[in-house]
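I've put the structures underneath this note.
The two complexes that follow have chain A in common; it is paired with chain B in the first and with chain C in the second.
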Partner chain A sequence: MSTSAHRGHDHSRRSVLKSLGLAGGGLASIPLLNACGVGTGTGSSGGASAGSAADEVTGAFDWKKASGTTLNVLQTPHPYQQSFQPLLGEFTELTGIEVVPELVPEADYFTRLNTELQGQGGNYDVFMTGAYFIWTYGPPGWMEDLGPWIANESATNADYDFEDIYEGLRKATQWDFQTGSPIGTGGQWAIPWGFETNVIAYNKRLFDERGVRPAETFDELVELATDLTDRSAGRYGIAFRGSKSWATIHPGYMTQYTREGAVDYTSADGELTAAMNSPEAVAFTQKWADLARNAGPANWTSYEYPDCTRDLGNGSAAMVFDADSATYPQNQPGASAEAGNLAWHPGPAGPDGSYATNLWTWSWGMNSASKNKLAAWLFMQWATGKDAMNEAVQQGAFADPVRESVFNDSFVQTLGAFPGYQETFEKVIDSTTIQFTPQQAFFQTTEDWATSLQNIYNGADAQSELDSLADRSTTAVNQG
Partner chain B sequence: MTTTTSEHRARQEPSPPEQSRLPAVPAWRRRLWPYFLAVPALAVTIFILYPFALSAWYTLLDYAARNTGSVSVVGLSNFQQVLTSATFWTAVRTTLVYAVVTTAVETVLGVGIALLLYRASRIGSVFEKVLILPLMIAPAIAGVLWRLMFNSQFGVLNHVLGLGSFDWLGSSTALFSVILVDVWIFTPFVAILVLAGVRSLPREPFEASAVDGASWFYMFRRLMLPMMWPYILVAVIFRFMDCLKIFDHVYVLTAGGPGTTTTTLQIAAFQNSIVFSNYSLGATYMFLLWALVFITARYLVSVLGKAQRRAAGAED
Partner chain C sequence: MAAAELMPGQRRFTPAAVGADLLLLVWFVFSLFPLLWLVLLSLKTSAEQTSTYFAFSPTLENFSTVLSDQGTRLTSVNFLSALVSSVLSCGGAVLVSLVIGIPAAYAAGRWRFRGSDDLMFTILSFRFAPELMVIVPLFVIYNQIGLFDTKLGLVWVLQLVTMPLVIWILRSYFEDLPEDLEQAALLDGYTRRRAFVMVALPLVRPGIAAAALLAFIFAWNSYIFPLILTGGTNGTITVAVARYLGGGGQAYYNLTAAAALIGALPPLVLALTIQRYLVRGLSFGAVKS
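Right, the complex of A and B next:
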């Protein structure tokens, strides 16, 4: 009796543990099934968004339509974010929507954003993003297509005027996710908020002292930067990024690469072929690496944009080839030792006179897993609208505004002590867009590109290094 | 005598009626008790084994941001891809060089410092407190500090050492520099661990040897070192395991560059998983790193066990 009772007890204990195990196994299998794409139904074609949440918004437009909602916004500390932070109260007053911003430093920002979007938890409704990230986050269906929201008059204020945003920027945030398709096709995955063109900022005081002028061709730039380098005086000719990151390729390098007539890929029949080993690309890349070695900072391979702009501000670097908005703050009174001495120039034109310029735009994206999409859209609409942008620009740290009307109005008024800034902007704006071919392996192939650039800087043969890079890149972009 | 002992036992041992007076445990509590005991095991299963099993499963898929809608099982092809890539083997070599050199330097310096601080003194006591400061700084923050010090334009190192515009993070110097930072942070850890061990050694063997006229070096080689060896090995195991998994300050300083000169396995895993959003490939790197750490740990722990038995005199 006693034995049998004990056995019965044991049996029931085992049963419970077994049940727990099954339950655990069941729970464990959910992400596994999700990982296999079973049950989630995510993924986006990139074309028309059938059944968008925007279609549920009807009636007359009203800023108060989502009153009482709390909106979680993921941001990185940036002059754009700092310019808008004081205005958030006005947004809450206008809409009745409470904004809870979360700030993540830029070094960790995209790691956090990637993890958040991949988890599809919907913890953040709106997030800051760059155009290149659309190529990774859009295809899995993590981002909301904003085209239907813009088109819906019940959701969008009649005064919004989306077309006022520069065309290159609107196109930069559109893509249909098809390999070989250019930007400007498919859905509108983000709304540009602030942007930067990659041009030359230089120390005008030093240039005037030396009686020199900014270079008009790339060979002249090499000569000028080398002449201005004086290591014993702690000064070098030109700063641009050199760290092992995709971000090394996109500013000055990609701008001048394009002006010199090189392209990253050629497209035929839906397949891309990497062209970083074309004669123009190899010749330019070799010159760029030589320029970094002969007239750049000694530890160029660890240089990121704050290093470049800091050196321009403290007088160590005579020139910087990077984002205009990154060098702009260094000229603000009291911001750096060389404040008031800086000036801007479009940089060398290509052999055919091209001022093709690559851009970066901080934009607003909407999480497709958000449960507050109307509130999210109202926030994005407000932040990229004329009124709030004019107000943010007047605070003096928002460069460059994405709206033509705001640039020509408020922004130009803040540019009194910034010689050449407006002229440079006007010279390059019509040729400013994303110069990369959109493709889903962008970060892998572009970081690989930066690694090759570092190897060439360290003495590797440019042709063989770029041949090898092109082989790897062609394979990577046509996979999957 | 026998009678007396029995009586004594009888007085000490509780009688059966006394035992029965203990409060009775309710039957429901007796039944639930095994499940309460199973809670830690369940927690381990959920928080350790589950992510591990999930990562192991990912290595068999082609799970990446670019194909979340059509993930399929690809068997061992991720392992094939990784094991045949030059990047992986470069990362293995870099990781091993980093781990071996760093652990060796930290061990030699740490043991040396521990021996210097062995005898109590006022200066030694102050030094012990100062020694621990680098350990209080997060390695990522240490990376930021050293990045500023390494700067060729205005870094304090070039200024103090008169090195002009020496590039501490160039292709031929970066690995040395990231090792230097690790040594700066973690040598105190080895020193403190070994110092605690040295101070716990018995004094008698040393006093006996001194009476027999043994030299200081003889005592160090034949007495102190064998007895210290288990403590040194514990430090070596901790540091070597940690170095195999190195990421933080190396990533801050070089992001794995220039080229691939400082790309460790952990950095390669991070790049694949997070930067390139190829979760299966990143998981494969992590799985292979885990295998490396597991095999090395098993070996080092067996060496430690042998050393402990030898120090206790159980083995020659």
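Right, the complex of A and C next:
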């Protein structure tokens, strides 16, 4: 019996090996090795635009030029996306292009986008992106340079008026990918769509009750926030982000950091030197960490923007230093307990009166592997054009529009019950852009920065913590 | 003095026993609390979702929103078709794993050869490989051979989840099965294949049910593979649920909770349906003779 079992064993082993060999041969015949080209992309890099697909578009401009195309759009759920969703039918009517939107939750959005772009599959023609992501996705050639598309009159409607988009935003989405070059150089890698400035939103009801006014200098802000903190009543002075993420650095912290005269890097001969340990940077960072400890939320090191805006909305935070567009929805009728009681202020000016403000913009980027580039450009042009944006703004949740004409035309009309919003915007807009030095290790180094900030909050010595951060950052940004 | 005799089922009331019971009770509440919180959240309105704990005005509106066109508008995906897609792809994946995995487990349980353990651990390693590590090459390959956003592609990739489970669980069942039964059948003139189908297979039915259910649940909960390898057409329930988390400061926690509860129903129904096999199946094979 055991012999028979062994015979069966030998027999099945031979069969298995034979089958495996056949299967292996079959697999080898599939040209999988083409996949080695991952990441090389087909788009231009380094800001050059030679051989752009835009050059193939000739003749008079016509919205119907790509009629019959199906366009796949990768998006993340957002008030901007929700404002535009009802308008997609109008776009199809105008162009004959059908839009298939795919929504990916915010937490996983960039994982998905990264894989899609890295794989160069071309499954999505257009995608939502933030300006900082251009510094990662642009250099490998995954993004299409939109400069030639804007310049081509056959592809772009004469009424498009790109210059109507605020200058700080246009510059924030340009870079030549050279270490040491500032933003505003090289290709136009994305078209800004909606954006936010980082300013103070405060509980006006509470301020009126206490007879106080928003602070005009950073020292005043520290004092005011500390005075307004009453832990026994469940109220604290000011909320801003504190989690171990790059996103902790970019809103309030980077805005005030810049206003106080500090910079992230200095540049010389194509090399960057980190300056987070300069005297002004160290002094400000120490004060910021102290402010978080004395007048911030109890579990500050896990705070992200929804926590900050929620606390402003339910009345536990007296102020928030974060995106104006994130605090805006809290003041809409019925949206929160403090709806109708909120107001906005530019935040403290720097010692020299600076209102330099850091921004975030959701923009549209084009996949360089897209097979429908003309249709993709028509969609981007429509979505960032005046007509659609005016319509979207009237839906009431599109803060802030990137076009000056739309801001002044439709958006201002929605601001009646938003005291100080318009004045704040007008005060900071001319000095609002990306205040970081563009560099490819942005996410790694900025997350490291947030870690140092947490360490200082937990009692580490600011100077030595930031010295060590600066050393690591200088090495990281000059690699490759 | 001798302690009083206890009747069957009667327990001694000592401080240690009472303390242990209390601890168990605390642990029970602690373990079930997330589930209770999920149910509560699914019954709250948007205005009450972050401002209330236990006192609120319950509503079933979230469930109807998730299942209606309004939910489709919010997430750009039809929840019911995601549910169907999940059932088909996970069911398909488990079926394929059973068809290939049962004979493989039988072979692995019955015969040892040089490298057989290595082979088994190689199969198991598919289960342990971090999904994000292999996802980019998989994505590229799927795009090249046209499997992106297809049910076939999903069934195939889910083999990484289901196949190792099926093979490993069933191998231990076959190992526990006395070999004498099949040898008796062989002596009676059965072929090896017939002995396997007629004798061994019916005896491990509870094991198959348990392995299939576990594999189905693991496949059902898989998130990264469907997130990256499917688009709007064949996306699964896990991806559809996560879409309700929103973004840009707007989070629909109440809708997410309602969607998650609906999404948990199919594995629950399946578990109840095959409960008869399950209780025996899960304990059988756990202890080796």
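Everything below uses one rule, namely that the second predicted complex is superposed on the first by the 435 of 480 C-alpha atoms of A that agree within 3 Å, B and C clash if a C-alpha of one lies under 4 Å from a C-alpha of the other, contacts with A are read in each partner's own complex, and residues count from 1 in each chain.
To be clear about the criterion, contacts are C-beta pairs under 8 Å (C-beta built on N, C-alpha and C of every residue); 3 or more make two chains touch, one makes a residue touch a chain.
As the structure is a computational prediction, the values presented were derived from the model and not from experiment.
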{"item": "First, second, both or neither for A:329, with chain B first and chain C second", "value": "second"}
{"item": "First, second, both or neither for A:171, with chain B first and chain C second", "value": "neither"}
{"item": "First (chain B), second (chain C), both or neither touched by A:118", "value": "both"}
{"item": "First (chain B), second (chain C), both or neither touched by A:76", "value": "second"}
{"item": "Chain B versus chain C as contact partner of A:234, first or second or both or neither", "value": "first"}
{"item": "Touching partner for A:345 - first (chain B), second (chain C), both, neither", "value": "neither"}
{"item": "Touching partner for A:204 - first (chain B), second (chain C), both, neither", "value": "neither"}
{"item": "A:105 touches, of chain B and chain C: first, second, both or neither?", "value": "second"}
{"item": "Which superposed partner A:65 touches (first chain B, second chain C, both, neither)", "value": "neither"}
{"item": "On chain A, the residue positions that both chain B and chain C contact, one per complex", "value": "9, 13, 31-32, 35, 111, 115, 118, 314"}
{"item": "Chain B-touching residues of chain A, taken from the complex the two chains share", "value": "9, 13, 16-17, 20, 24, 28, 31-32, 35-37, 40, 42-43, 111, 114-115, 118, 136-137, 139-141, 231, 234, 236, 243-246, 297-299, 301-302, 307, 311, 314, 316, 440-441, 443-444, 447, 450-451, 454-455, 457-458, 479-480"}
{"item": "In the complex, chain B residues that touch chain A", "value": "31, 34-35, 38, 42, 45-46, 50, 53-54, 57-58, 61-73, 147, 150-154, 164-171, 174, 253-260, 271, 274-279"}
{"item": "Residues of chain C touching chain A in the complex", "value": "47, 50-51, 73-77, 107, 110-111, 113, 132, 135-137, 139-141, 143-145, 148-149, 183, 186-187, 192, 227-228, 231-232, 242-243, 245-251"}
{"item": "Parts of chain A lying in touch with chain C, wherever the complex brings them together", "value": "1, 4-5, 8-9, 12-13, 30-32, 34-35, 38, 72, 75-82, 85, 100-109, 111-112, 115-116, 118-123, 305-306, 309-310, 314, 325-326, 329, 334, 337, 362"}
